[in-house]
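Across the two complexes that follow, chain A remains constant while its partner is chain B and subsequently chain C.
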Partner chain A sequence: MELKDKLLSSYVAFENDIDTNSDIHEIRSKAFKNFESLGFPTKKLEAWKYTSLNSVLKQDYSLFPNKENAIELADVRKYFIHDIDAYKLVFIDGKYSSFLSETTHDTFDVCLMSAALTKPKYKAVIENYFNKIAKEDNLTSLNTAFANEGAYIYIPENVEVEKPIQIINFTTGSEAATMLQPRNLIVVEKNAHVQIIERHQSLTSNPVLTNSVTEVFAAKDATVDIYKIQNDDEKASLVDNSYIEQKSNSIVSVHTFSFGGNITRNNLNFYQRGEHIDSILKGITILDGKQHVDHNTLVHHIEPNCESHQDYKGIYDARSTGVFNGKVVVNKEAQKTNAYQKNNNVLLSDKATVNAKPQLEIFADDVKCSHGCTIGQLDDEALFYMQQRGIPKKEGKALLMFAFANTVLESVKIPEVKQRIAKIIAKKLGVDIGFDL
Partner chain B sequence: MLKIENLQASIDNKSILKGLNLEVKAGEVHAIMGPNGAGKSTLANIIAGKDDYEITAGTIELNGEDISELAPEERAHNGVFLSFQYPVEIPGVSVTNFIKTAINETRKAKGLEDMPAKDMLKMIREKSELLEIDRKFLSRSLNEGFSGGEKKRNEIFQMAMLEPKLAILDETDSGLDIDALRIVANGVNKLKSKDNAVIVITHYQRLLEYIVPDFVHVLHDGKIVKTGDASLALELEAKGYDWIKQELV
Partner chain C sequence: MKYTEEDLEQELKTKEYKYGFYTDIESETFAKGLSEDVVIAISKKKNEPQWMTDWRLEAYRVWEKMEEPEWANVHYTKPNFQDIAYYSAPKEKPKLNSLDEVDPELLDTFKRLGISLDEQKKLANVAVDIVMDSVSVATTFKKTLGEKGIIFMPISEAIQEHPELVKKYLGTVVPTTDNFYAALNSAVFSDGSFCYIPKGVKCPMELSTYFRINEGGTGQFERTLVVADKGSYVSYLEGCTAPSRDENQLHAAVVELIALDDSEIKYSTVQNWYPGNKEGKGGVFNFVTKRGICENNAKISWTQVETGSAVTWKYPSCILKGNNSVGEFYSIAVTNNHQQADTGTKMIHLGKNTKSTIISKGISAGKSQNSYRGLVQINARAENARNFSQCDSLLMGNECGAHTFPYIEVKNKSAQIEHEATTSKIGEEQLFYCNQRGIDTEKAIALIVNGFSKEVLNNLPMEFAVEAQKLLEISLEGSVG
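Let's look at the complex of A and B:
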C-alpha cells in the first residue's frame, strides 16, 4: 500500500483511539481532508523543485510503532548535551519516556502535547495558539491530522527559564521502518526567556521518516533561542516545519546545524506581528555521501521597524546536495525594515551540488534589504600557507572550513552547545583538533 | 644544512630554474638577490614544497636527507620555514589559535604531547614582545586587514614561535617602513644561532644593513651567476644588475 493510502486508512482508528475534545477533532479533520486532496509534495511544486521525497516515501513505515524497545540512559547519553542541567522531553518511537525526561509545572510548563490537548487546564492556551500559524500545506496538514504527541512548553510573563529545554525524539528501530509526526507548541509570554535544543535521533539504520511541526509564539519583549541539531543516521529523513510568530520587541533566533541524515528539509517560517522585532536565522550544513539538505526559509515583515538576519553556511563533499531557498517578504506597511540574508557555500567535490535561490518580495519603499550568495572552493594558497607552518592538509582544510562556519557558531549563546557542535564538526571532518578560534 | 644541486624546475612547461646550486651551512646567513623574474620566489616556494612547480632535475637535501618528495607540512616539521612575500589572509582563525595549532601539529608529528597551555602563553608573550606586537593583535583574524608591515611582523613572530632550522625570508622587507624593518631585522638577528640558518631573498640592499649576510648570491635567469660577501650587495645597490648580465655575455 502506498504511504498516502496507508495514512488515510489509518486515520479513523487513530482518532477513535485517543481521547480528544471536539475542537481539536475539527482541526484534525480539516487538516486530514486537506492532506487527502493535496497528497505528498512533488518536484512539480516550485517549493520542492530540488527535493524529491520519492525514495523516502517508498518505505513501508509503521505509523504507530507499538513494540517497546527499552533504551538505557547509557545508550543515549551522548545525544544529550549532558554537561548542562536541563529540562528534558524525550520521546522514544513517538512515545513519551518519563524515565529519560525531566519535566516541570513549577511556574512554567514543560510537558506533553498529549496532555495539553486533553486536559482542561491547558484549554485556553490550546484554543489561543494550537494550529494558529501552521500553514495548511501538505505536510503540515498531515502532521496536524495526526497531531497528538510532542513538546508543550508554556512560559508565563516575566519568567526567565534558567536551564535550557532539550527535546529529543529517538527511534529505536523496533519496526522495519518508522514514521513519526511530533507536534510541538512553544508559547513564550511577555518578557519571558527560554532556550530550546531540539534533536531527532535514530538509534539503528532502519529507515525513519519524521514529519515534525513546531509552532512558536513570542510575545512582546520575549526572547527565544532554538538550536536544532541534525546529525542523524544516514537512513533517517526529516521534514521540520517550524512556524514562529513574534510580537513587538521580541527576539527569536533559530540555529540549524545539519550534519547528517538522508533527506532533511527545513521549512522555517517567521511572521513579524509588531515593531522592533529581531528574527535571527542561522545555519551550518556539512554534508558528504549522498546526503541532501534543503533550507526553505521565510521571513514575513508585516509591520515597520523590524530586522531579520539570515546567515547560512554550507560545506558539501562527495555527492551531497544542498538547497537554500530564502524568501523575504516586506509588506507595504513594513517601512524601515532591515533584512539581511547571507548564504555562503563551499564545494569540496566536483560531484556536490548547491542550489541557492534568494527571493525578495518588497512592497515598501524605505527599507534595507540585502542578500548575498556565494559558492566557492577552499583557497589553495591558504592551504599551502597552513601546511608551510606545519599544519597537515587535512587539518588545514578542517581549520579553514571551521573558520568559514564560525560566524554562525559564534552567535550560539549556550557554551556547551557551541562545544558540542565544534566536536561534531571536528568528527565530521575527520580531525582531532580543538577549534577554539 | 641545505644543499641544492643542479635544481631545474618549471611551471606550466615554462622553465624557471635552470640548474641552480646552493649550499647553506648551519650558522650562516645567505642573501639571494636578483632582478624581477629571476626565479627568487620560485626557489623559495620549491624549497617549501609548493606543488605548482615541477622539478625536472636536481636534488634538495636538508641535513643530508632528500626533501624534494616531502609534503610541505613534513618539510615544516623538519625545520623549514618560509616567510611569505604575500602572507595569506585566513578570516575566522586568530593569530593565537593558528600558531597554537601549528606548534601542536608539529609536536604531534614528532610524537610529542600538545604544549601545555601555560608554556604556550609564556612563549607567545615573550616572542610577541620581541617583535613589539600588541596583545590585541594576537586575537585578530590571521592577516585579515593587516597592513603590509603587520603581516611581515606576524610572519617573523611565527618564525620565532616555530624555531625553524632553516628560515627563508621572501621579500620580507617589501612593504615595511624603516621602524618596522628595524624591528623585524632585530627579531631575526635575535633568533639566529650557530644551529640554524637564514636565507634572505631581497631586491634591495636595505634589509642587509640590518641582517648582515655571510654570502650574497645573484640569481639571474634561473641560475646563481655570482656569489660574494656582503660587499656584493652594496655593489649591486650602486650599479644595478645590468653589469652582471653583461659579464655573462
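Let's look at the complex of A and C:
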C-alpha cells in the first residue's frame, strides 16, 4: 500500500484512540483533508525542485509502533550532551520515556504535548498558540493531522531557564521501518530566556522517516537559542519543519548542524511581528556518501527596524548533495530592514553536487539587503603551506575546513555543545584534533 | 574607403530613389486565429520551401500541446491566441507633413535623447526631402559587407537565397520545442534578420537595426539568427532608444546566436517599447527567447538595456559548450509606474575552463516589480569553470519591488562560483552631497543611477551608450517622491 493511502486509512483509528477536545479535533481533521488533497510533495513543486522524497516514501513504514521499547541509558548516553545538567524530554518510537527524561512544572513547564493537548490547565496556551503559525503545506498538514506527542515548553514572563532543555527522539524499530511525527510547541513569554538542544536518533538499521513540526513563539524581549544536531543513521530521513514567530526586541537563533542521515530537509521559517527583532539562522553541513541535505529558509520581515543574519556553510564529499534555498521577504512596511544572507560551499568530490537558490523579495526601499553565495575548493596553497610545516595533508585539510566552518561554530553559546559539534566534525573528517574550539 | 554622409548625399542626388517603403507588399491581413492552415498560409505567403513549412508545422503541433508558463514573477492578463492576426502586411502609418504634427511629447523625448533631426523625422514617420532613409543607407552598407562575404539580410530572404545555412543552424540553439513562446514563434514568425560572418572575418561595422534592410513585417514574431564562423567577430545592435509606440501587444521574438570556434559575438539590445500609461493600461508584452552557443574558445556577450514594455520576460543565455569559451551578460532593467520585468540569464557550463560573468542592475520605481532570475549550471565535466555574478537592485519609493531568484547548480568540484546581490536605495547623504554642490535632486538621481549602471553602459557600443544613458534618465522621470 502506498504510504499516503496507509496514512489516510489509519487516521480514523488514530483519532478514536486518543482522548482529545473538539477544538484540536477540528484542527486535525482540517489538516487531514488538506493533506488528502495535496499529497506528498514532488519535484514539480518549486520548493522541492532539488529534493526528491520518492526513495524515502517507497518504504513500508509502521506508523504507530505499539510495543513499548525500553532502552538502556548506557547505550544511548553518548547521544546526550551529558556533561551538562539539563532538562530532558526523551521519546522512544514516538512515546514518552519517563525513565530517561527529566521534566519540570516548577515555575515553568517542560513536559508533554499529549498532556498539554488534553489537560484543562494548558487549554489557554494551546488555544492561543497551537497550530497558529504552522503552514498549511503538505508535510506540515500531515504532521498536524497526526499531532499528538512531542515537547511542550512554556516559559512565563521574566524567567531565565538556568539549564538547557534537550529534546531527543529515539527510534528502535528493530523489526520494521518506522515513521514518526513529533509535534513540539515552545512558548517563551516576555523577557524570558531558554536554550534548547534538539536531536533525532535512530538506533536501528531499518529505515526511519521523521516528519517533525516545531512552533516557537518568542514574545517581547525574549531570547531563544535552538541547536539542532542532525547526525543520524544513514537510513534515517528527516523533514524538520520549524516555524518561529518573534515579537519586538526578541532574539531567536537557530543553529542547524547536519552531518548524518539519508535525506534531510530543513524548513526553517521566521516571521517577524514587531520591531527591533533579530533573527539568526546558521548552519554547518558536512556530508559524504549519498547523503542529501536541503536547507529551505524563509525570513519574513513584516515590520520596520529588524535584522536577520543567515550564514550557512557546506562541505560536500563523495556523491552527496547540498541544497540551500534561502528566501528573504521584506514587506512594504518593513523599512530600515537589514537582512544578510551568506552561503558558502566547498566541493571535495566530482560526484558531489551543490544547488543554491538564494532569493530576495523586497518591497521596501529603505533597506539594506544582501546575499552572497560561493562555491569553491580548499586553497591548495594554504594546504601546501601546512604540509611544509609538518602537518599531514588530512589534518591540514581538516584544519582548513574547521576554519571555514568556524564563523558558525563560534556563535554557539553553550561551550559543551560547541565541543560536541567540533568532535563530530573531527570524527566526520577522520582526524583527531587536539585543541578546543 | 570610408563611406561618409556626404558620399551618401551625393549618391542620393545622382541616383533615382529606388526603394520605397514596402513597395511590393500588398495590403493583406489574415483573419484572426491560429490553426495549421494559417501556419501553412504564412509559409506560402513567404514562398518558403517545403522543409520550412514542415518545420513550422512541427513547431505548431508542439505548441498546441504546451501550456503557457506561469512561473515568472509577473502578473498580466494572458493574451488570447485566437484573437491575434498572425500575418499582416505592415500597416501604413499616417504620413505627416512636418514635425509640427508630431506628438510634442514624443518630440521632446527625441530632442533629449539627442536624436538628429532627420532621424527624428524618420522615426516619427514624417516625409523627408533629403532621404536619410535606412533603406538606401542599408543598401550601400550591404555592398561593403558583401565584399567581405558577410551575409546580412531578412531571414525570409535568407531562406530563399541561403537555404543550406538557414537549414543547418535554425532551431539548433532554441529548438522548436524549447518553450511555449519559442514554439509559437517558430510556427508563425514572419520575418527577422539573418547574419552570417565567414571564417576569419571581422565585421567592419556594428550591424544594427538602424540599418534594417526591410522594416516591414518584422514586428510581432521576430526571428534572428546570427552565425559567426570560425575566428570571426561581429557586433550586433538591436532595438532603438527612441520610444516606439507599437500597436502589437504581444511580442514573442527568438534570437539564436552561434559562435563557432574562436569567434566572438557581441549582441546589444536597447528596448524601449510602449510601457503602458501611468495607470498601467496597455503596453507591450515582451516574451523573448534569446540564446547563444559557444564552441571552443568562442565568446558571446549579451548587453541589454531594458526600459520599455509593460511586461518583460527575457533571459538571454549562453551554452558554453566548447572548452575555454566565455559567456557574458550585462543588463540594466528599469521599471517604472506599473511595469513588470522578470529578466536574467542562464549560463550553462559544459566545456572545460569555461568562464561566465553576470552583471545585472535592476532599478525599480513607481509601482513596478523588477525581478532577476538566473541560472548558473556547472556540469560534471566542466573542469575549472568560473562564474562571477553580481545582481544589484536599486529601489525608488516604497511601492515598488525588487526580487532576485538566482539558481546555482554545481556538479564539479573544481568550479569556482561567486554570487552576490545587494538591494539598496539612493542614500539621502548622497543626494544631500549633490544638492550642496548645486545639483538639483532630479539631476543628482540621474547621476547616481548612471554610476550604478556604469558597468553595464560601458559595454554598449559608444553611440548607444550615450543615448542609453539619457534614456535611463527619462525613464525614471517623475519617480522621485
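Definition applied: the second predicted complex is superposed on the first by the 432 of 437 C-alpha atoms of A that agree within 3 Å, B and C clash if a C-alpha of one lies under 4 Å from a C-alpha of the other, contacts with A are read in each partner's own complex, and residues count from 1 in each chain.
Here, a residue touches a chain if its C-beta (ideal position, glycine included) is under 8 Å from a C-beta of that chain, and two chains touch if they have at least 3 such contacts.
Since the model is a prediction, treat every value here as computed from it, not as a measurement.
Trainee: Chain B versus chain C on the shared chain A, clash or fit?
Mentor: fit
Trainee: For A:Ser411, decide between first (touching chain B), second (touching chain C), both and neither.
Mentor: In the superposition, A:Ser411 contacts neither chain B nor chain C.
Trainee: Of chain B and chain C, which one contacts the greater number of residues in chain A?
Mentor: So, of the two partners, C touches more residues of chain A.
Trainee: For A:Asn34, using the defined touch cut-off, is the partner it touches chain B, chain C, both, or neither? Pick first, second, both or neither.
Mentor: After superposition on chain A, A:Asn34 lies in contact with neither partner.
Trainee: State whether A:Tyr385 touches chain B only (first), chain C only (second), both chains, or neither.
Mentor: first
Trainee: Where does A:Leu399 make contact in the superposed view: on chain B (first), on chain C (second), on both, or on neither?
Mentor: first
Trainee: Determine the nearest approach in Å between the Cα atoms of chain B and those of chain C after overlaying the two structures.
Mentor: 17
Trainee: I'd like to check the shared interface: which positions of chain A are touched by both chain B and chain C across the two complexes?
Mentor: Overlap of chain B and chain C footprints on chain A: empty.
Trainee: What part of chain A is in contact with chain B in the complex they form?
Mentor: Touching chain B from chain A are residues 379, 381-382, 384-393, 395-396, 399-400, 402-404, 406-407, 433, 436-437.
Trainee: Could you list, by residue number, the parts of chain B that touch chain A in their complex?
Mentor: These residues of chain B touch chain A: 48-50, 71-73, 75-77, 80-82, 84, 87-94, 97-99, 101-106, 109, 141, 158, 162.
Trainee: Which part of chain C faces chain A closely enough to touch in the complex?
Mentor: Listed in rising order, the residues of chain C that touch chain A are 71, 378, 380, 393, 395-425.
Trainee: Give the list of chain A residues in touch with chain C in this complex.
Mentor: My answer: residues 46, 332, 335, 345, 347-377.
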